[in-house]
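Shared between the two complexes below is chain A, which has chain B as its partner in the first and chain C in the second.
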Partner chain A sequence: MATNLQFIKSASGTSVSSLSVTDCFSSEYDVYNVNLIMDGSTTNKDIRLQYIYSGGTDTTANYVTAALFQGSYTGFIELRYSGQSSHLVTGYNYDGGTGINYTIFNPNDSSSYTFLNSQSSGAYNSSGVKLVGTKAIGVHQVTQANTGINIVPSTSTLENIKVSVYGVK
Partner chain B sequence: MSEYGYIPEAPEQSFGNNKGIFNPKDIYDLTRADKYTNYGQLELIETQNITGVSSTTFSNLGDYNVHFLTVNDFQPIQNGTDLRIRFISNGTEYTGSFYQRALQYGTNGGTFAEEKSTTGTYLRATFNTGNATNEKTSSYTYFYNLLDNTKYNFTSHQISNIGAGSHPEFYMAFGSGVQTSAVSMDTIKLYNAYNNYEADISLYGIRYS
Partner chain C sequence: MAGSLIKIQEEIVTSAVASVSLLGINSTYDVYKVVLSNIATDTDNVFLETRVTVSGTPDTSANYDIAYKKFNAGSAFTNGFQTNLTGMLYTPFDRLGTAGNENGNAIMYLFNFNNASEYSFLTVESTMRDRGATLIGEQGGAVHTVAQACDGLNFDMSSGNIDTGSTFTLYGLKK
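Let's turn to the complex of A and B:
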């Protein structure tokens, strides 16, 4: 059955400081669906996303993100960031693992900003397991042709991570 | 026979990198081995058109790391109730306080609030749906690690519905859930705790995730 979610490529790592998926964006698709699964790491905390372009990983202050931190054990927290070197809090992981789904719009269009919508479900393992979900929207406020993504934790390493990128026809 | 009398080895086949001329049996074998380039990675497992029952199950989960569930036109008999998720492993339904959830909901009337639990006995697939004409819910849910007995089962979802109230009220909700027993689940159960319901529900696997 030919559905409209078309696998492009995946990347994985077992204990890495970051994970890149290169050359996954092209002019062939306008919208991409990205799934991420990873195990817990005691010090990961928030999971961040950066774009890769012809100049390498873009770490300039072009990332704007608004997120809602949803814990099963505490009041929800609104988070807003601008002028950052990555999209912050696209997921959260503290020793329990996480799953994240990203929808990314126009990443390879050099005449448009790149927009992001992410939702995650993860675990915070401190004095018992607690659910942490996040919902984030973001814009990469520069008109450049991004060709890939780089996943990076706020601290420590990414454990047993797999990222799969699909084009949406 | 190739140049200089060498017999070349068959090239390694993989998704996006197939080489050669394939007969129908080759395509069948490579497809079963996930090595044939065949686009369409949102793979429908099953659709159920539900009516007149309070519970249904999806017991074919394939071999996927990530599943995707759509619920369309859910409506309960009992006004203001929801569609709930539990997991089953080897015939054992996990009914205890294994589930945690956190969701944000908002209404067109201006109410925004949190709904959360660390001791839940279920996860949500829908939210507070009415039972009058056209009071229905549509939603989608991602499932992670259902088949992995070393990891927790994570979900995230988005919901849009017409809820129960003194007047029809539009709701949106988004959130997540986790089942904290590291057990390989073989069945997803979708139930209404009060009475029968109707809905069109489809379960997909996302290949290569």
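Let's turn to the complex of A and C:
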């Protein structure tokens, strides 16, 4: 019996300022599962997501995100961002690495907004390496057919990053 | 290599309907996954109601408990929790609207639904724009506190209909 979680493509990079996965969204699927793994470095940063469309990477101020910062060393923190050029804080990265899982709804539908759920577990610097997880929701408030994603750090580079995209048929 | 996510039923709403049922839960799989995509309403300010089904019929007995963290891009996050409801109200979505893109998306995992000697549990994670166009999401779960075998889920709106374009899909996770 055929599976209904179908691998589409992956991309990887080493010490890159961003990583794009192009042409991974199409009309063939409504819902996508995206997994990200990466090593760490000694620069504290959050991991952000942007969409790619026919005009390139969309950096217009149409990303809305709400996230819960779940630190092992502190109280949880609510984060809210609107009118941003990316989905901020979909994960954190420091010396030790990070993993993120995204579920993306209807990215290629030019008549609807693109919604996102994400959860992450990673390293964060607060007087040393600490565990930080995030759960986030997002909406990209543009009715356009997005065809891919671009992963970008708040600062520094992405170390030994691999992103895999699956379609949920 | 054969995969492990198996589609059982998909319902794509092509004209407004009062309710949608996803059926086919049995002993084949231990865990089931439900994907809700682009869920829309034809009536403003209503929420999706979710109920288990027994032999295809929604169970409306007052035995549903819910608990979730509500994410909100416009104000402080809140906790939602209620017991002994007649359905999973406000789960997985808060109030939907009829303005553009005020719709919802969610992933649910279902546990023990076919087990006649245990309760039926599910987890929820959702992302939506509510009736005021605010980004909202829920992370939580629900339980139907009756030890019985359930064969699916039924969805309806607290008022009005489920609108065109809403997609409901049930998958099994292969053992």
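We take it that the second predicted complex is superposed on the first by the 163 of 169 C-alpha atoms of A that agree within 3 Å, B and C clash if a C-alpha of one lies under 4 Å from a C-alpha of the other, contacts with A are read in each partner's own complex, and residues count from 1 in each chain.
In this section, a contact is a pair of C-beta atoms (placed from the backbone, for glycine too) under 8 Å apart; a residue touches a chain by one contact, two chains touch by 3 or more.
Keep in mind that this is a model prediction, so the values were computed, not measured.
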Partner chain(s) touched by A:N4 [first = chain B, second = chain C, both, neither]: both
First, second, both or neither for A:V139, with chain B first and chain C second: second
Contacts of A:E78 with chain B and chain C, given as first, second, both or neither: second
Touched partner set for A:S164, first chain B, second chain C, both or neither: first
Touching partner for A:L68 - first (chain B), second (chain C), both, neither: both
Which of chain B and chain C A:D95 touches, first, second, both or neither: neither
Partner chain(s) touched by A:D30 [first = chain B, second = chain C, both, neither]: second
Contacts of A:S120 with chain B and chain C, given as first, second, both or neither: first
Set intersection of chain A contacts, chain C complex versus chain B complex: 1-6, 68, 119, 135
Residue ranges of chain C touching chain A (in the complex, touch as defined): 2-7, 35, 37-38, 69, 71-74, 76-77, 101, 103, 105, 107, 125-129, 135-137, 139, 167, 169, 171
Partner chain C, residues of chain A touching it in the complex: 1-6, 30-31, 64-68, 78, 80-82, 103, 105-106, 109, 112-113, 115-117, 119, 135-139, 141, 143, 168-169
Contact footprint of chain A on chain B as seen in their complex: 15-16, 38-44, 65-66, 100-104, 114, 116-118, 142, 144-145, 151-152, 154-156, 158, 174-178, 180, 206-209
Sites on chain A touched by chain B in the complex: 1-7, 9-10, 35, 37, 39, 68, 70-73, 75-76, 96-99, 101, 119-123, 129-135, 162, 164, 166
